[in-house]
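Next up: some structures, all given as structure tokens.
In the two assemblies presented below, chain A is common to both, partnered first by chain B and then by chain C.
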Partner chain A sequence: MTLRVNDLKVYYQTLRGDVHALDGVNFDLADGEIMGLAGESGCGKSTLGKSLIRLDGRMRHVDGTIELDGENVPIADDRAMNRFRYHEISLIPQYAMSALNPTRKIGRMINELLRSRGVRPADVAEELDRRLELVGLDPDVLKRFPIELSGGMKQRVVMVMATLLDPSLLIADEATSALDVSTQRSVVESMVEFRDRGYVKSMIFVTHDISLVYQMADTVMVMYAGRIAEKAPASTIINDPQHPYTKMLIGALPEVGTTTEDTRLEGIPGTPPGLLHPPTGCRFKDRCPIASEECSQTPPLVEIEPGHWAACWKTGR
Partner chain B sequence: MLELSHVHKVYRVGAFGGARLRAVRDVNLTVEPGEVVSLIGESGSGKSTIGKMVLGLTGVSSGQILFEGNDVSRIRGFSAKKEYYRRVQGVFQDPFSSFNPIFKADRVFEMIRSSYFPATSDADWRQKVLDAIGTVRLDPGNVLDKYPHQLSGGQLQRLLIARALLLDIKLLVADEIISMLDASTRIDVLNLLADLKERGLGILFVTHDLSLGNYVSDRSVILRKGAIAEMGPTRAVFENPMHPYSRHLLSCVPQLHRTWTEVDEELAANPPEDVVLPTVGEDDDSAPLTEVEKGHFVGIDQH
Partner chain C sequence: MWRYMGRKLGIYGITFVVAVTINWMIPRFMPGDPVSSMLNRASVSDPEALERMNTYYNEVFGLDTPLYQQYLSFWSGLLRGDLGISVWLYPEPVTDIILRHIPFTLGLLLPAIILSWIVGNRFGAFAARSKILDNTVLPLGYILTATPYMWLALLLAWALGVVGGFFPTAGGYSFALTPSWSWPFISNLLTHWFLPFLSMFLVALGGWAIGMRNMIIYELEADYSNYLQALGAPRRLIRRYAFRNAMLPQITGLAVQLGTIIAGALLTEIVFNYPGLGTLVLNSLNNNDFFLLQGIFLFVVVGVLIANFIIDIIYVLVDPRTRVQMTGGAS
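Here is the complex of A and B:
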């Protein structure tokens, strides 16, 4: 088991009180697993991705533990986390440009990064060239400035950079959302290849695009309002979702081939609850067509069949 | 209703404007009343530039954009422009930056009233606003008298469409209007566009997302580097793409029930027949189209 997250609670501190962005998240990530983390904006998916590597100033670790390869990850202790960052846990941000220093040539920037993490650049230089070639980049990019590269090239550079020390866990936060479809596909395929070659042990791919996740992830976890709604193998989530939220979310996605003439798809009425004062019980109950009295109690996340978890009173009986 | 003929747009770029960037190349297309035309393309394909030219936000380098027979780029003077915007309106990608955060969101309606309907009585105007809000399927109690930050992106986007509907518009330019919305609300906005289409509105729907373009439109135009790669009835373009670029794009779209590998295998099992694409000379900047079946055109191949 690579990663085990137990009852993780991370709140944002604001003047008006705590925003319960992650409110009791439990899941495991196996070796070699690519998990797609999907949900709407504000559901806590990016907060989860971030809290596994760095809590920023406003984020407060309230409760819960994280274990990586059997070792406790001290996410609340910024200094103690340094040992894990980049070596064990690495991140690809949404905008590659924001990860690259515009005033440095890429090669120099990577060397600075390696030195700051206590690695001699010469030790990995050969591997760096090999991996750049693997993702279809000429090692000459190391002599260029970020501005000279296209969006897809930058995203690939960041991917090679982030995985250079073979981390156990890679968090890709909307890593391909800013790319065009054809570039997106090639970047995503390189990510899967990196996993297959063992450059990263496991990966959390945060995205709002469920159809993209289906292309590459082994499992998909759907979050809603700071909690996990459902986690299952990718094909199960798409073809046989159990949680009403997942069902409605998938039903609201137009596909290539659906038109308004054939069928009208339906959105989900209402809006997600505010997390400053989250409602009690199931957080989806106000928008849920099958909600009933028992939904005023918080549904636990239960395994309704092997590998398929859902947090709903109506499933798993 | 709207007709673009041989429209080009060349931007001057570089430090002193010395270099040229061809954003739109020889585009010909029409939008009829009650028709949704999708402009689909990747970044840099010129799709937004076309939308901007139709809205008169940027000039046309050469060619003509005709709206009901009048050349859009020749509209001069404040009152003539105002008349044009009475019939053509745009809604843009980011609903949050379309509102002034200092004022309440429904101020956009007041602005329309003061510019276009100063003579309407309060009661009539209120009824008109309520009608427009009803058309976009919002509950007036939820959206009126609220500040922009109190509303969701989907609600704001629909308010902007309602604002456009207050005018007697014939054409709506919808530039990536749903790419910032969440999956559960974007479908409502798409369905709204389909309703408006049934009321006879022509819509130019600019998007980078092929599955969204497909869902709502009657005709699709796939753009590449400013020129039309393929144009035709949506069903024909998506079920039987003829241009190698459209085929490539469609094979890269993440689909909900088919993986890329499955799509590739299908393509390899029954390779599509090749069509003869039109060609142009080296310094010829036109982009001719060839009709491969009725109403279905393919354009030049650019590398």
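Here is the complex of A and C:
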């Protein structure tokens, strides 16, 4: 088991009180697993991604533990956490286009970063060139400044840089959202390739684009309002979702071949609850068509069949 | 790169011609006749003699020729380094007077501007480091920039000069001394230099510190800083990047600041009665000496243009983005 997250609670501190962005998140990530993490904006998926590597100033770790390869990851302790960053846990950020220092040549910046992390640049130089070629970049990009590269090129540079030390866990936070569809595809394929070659052991791919996740991910985890709704193999989530939220989410996706005349696409009525004062019980109950009495109790996340977890009273039995 | 430099030089050349033309025009369209004001001082009572002197001087200064001829002869004189003869200090050539005063102004302005820029930037970057520093340095910086310059200068002159008696408050050096490269003269020069320098230095310091502090904070919030932090890069590395990138707008700021050089010099030199170009401007204005005034402004214009050109070159060297745009890039 690569990653084990136990009852993780991370709140945002605001002047009006704590925003319960992650409220008891449990999941496991196996070796070699690429997990797509999907959900609406504000459901906590990015917060989960960030929590695994670096809490920013407003985020507070309230409860829960994280284990990586059997070792406790001290996410609340910024200093102790440094040992894991880059070496064990790495990140492709949401803003990969602007993640490089604009006034340094890319190669020099990577070398400075490596040296500051106790790695001799010469030791990985060859590997760096090889991986750049693998993602279709000329190693000459190292002699260029970030503004000389296109968006897709920068994205791939960041991807190579982030995985250079063969981390155990890679978090890709909306890594392809700013790219056009064809570039998205090549980036996604490179990511799978990186996993297959063992450059990264496992990966969490945060996105709101479920169809993209379906192409690459082994499993998909759907979050809703700071909690996990359902986690299952990608094909199960798409073809046989159990949680009512996942069902409606998948139902809202357009399908190739259907036209609006045949079937109208259904949205999900209502809006997600505010997380400043989250509702008790199941958080989806106000929008859920099959909600009933028992939904005022919080449903536990249970394994309804091997590898398929859902948090709903209606699916548990 | 060379094409860029050539284009820049061309632009500066055009600016120079326009500036010189305006410079030539302004004093000539100003009210007041310089020759008659000079003759007034001589208080000649005989009207016939006055008339003859008037014609004579008009001929000497070339004021009897048509305007376009005056303009052309001004340019030809300029190219020979001849800026005419001063009315106020007749018959000394304008160039000589300016060259005598210029070392004082440059010796005052260059250290004040450059040191305040360097120290202010360091100070601001330092302030952005911690809350306590920020809470002390920042208000201090605001007070310094908000202080009216003359008031600060007078306050310094009063406190350190009149009351404290550490420094003389007026002049470039004691009149008892003759200029020479001896130690007593140089130390005397330095004590006279210190107060005007300090006042200019302090006023500029606050602005640079505040600007730098804000820029650093902005850069530390930038995406690349965040990303480096997420990858566990030490604060030292991130600060180094932030400092360098925050420096770029400050360099532009310095170029803009250089344009206000003459205003700063004017006030300082008047308050401390310092014998630089500022006092010279005031004197030549009071005496309707437009040859001298013209000459001074010409020097200022050339100085500002040269300074801006140097900063343009520096900017290209420090910011790879402008460099890449110039060479056309290769992507």
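By our rule, the second predicted complex is superposed on the first by the 317 of 317 C-alpha atoms of A that agree within 3 Å, B and C clash if a C-alpha of one lies under 4 Å from a C-alpha of the other, contacts with A are read in each partner's own complex, and residues count from 1 in each chain.
In this text, contacts are C-beta pairs under 8 Å (C-beta built on N, C-alpha and C of every residue); 3 or more make two chains touch, one makes a residue touch a chain.
None of the values given here were measured: they were computed from a predicted structure.
Student: Output check: A:Met248 vs chain B and chain C. Expected answer is one of first, second, both, neither. What do you get?
Tutor: So A:Met248 only meets chain B here.
Student: Once chain A of both complexes is superposed, is A:Arg60 in touch with chain B (first), chain C (second), both, or neither?
Tutor: A:Arg60 sits against neither chain B nor chain C.
Student: Between chain B (first) and chain C (second), which, if any, makes contact with A:Leu91: first, second, both or neither?
Tutor: So A:Leu91 only meets chain C here.
Student: What is the contact status of A:Lys314 with respect to chain B (first) and chain C (second): first, second, both, or neither?
Tutor: In the superposition, A:Lys314 contacts neither chain B nor chain C.
Student: For A:Glu112, is the partner it touches chain B (first), chain C (second), both, or none of the two (neither)?
Tutor: After superposing on A, A:Glu112 lies in contact with chain C but is clear of chain B.
Student: Which bits of chain C are touching chain A when the two form their complex?
Tutor: Residues 222-224, 226-234, 236-237, 241, 244-245, 248, 318-321, 324, 329-331.
Student: Under the touch definition given earlier, write down the residues of chain B that touch chain A in their complex.
Tutor: Touch residues, chain B against chain A: 42-43, 152, 182-188, 190-191, 194, 208, 210-212, 214-216, 234-235, 238-239, 248-250, 252-257, 259-260.
Student: Provide the residue numbers of chain A that touch chain C in the complex, in ascending order.
Tutor: Chain A residues touching chain C: 53-54, 56, 81-87, 90-91, 93, 95, 98-105, 112-113, 116-117, 144-145, 147-150, 162.
Student: Could you pull out which chain A residues touch chain B in their complex?
Tutor: On the chain A side, the touching residues are 40-41, 151, 180-182, 184-185, 189, 208-212, 214-215, 238-239, 248-250, 252-260, 264-268, 271.
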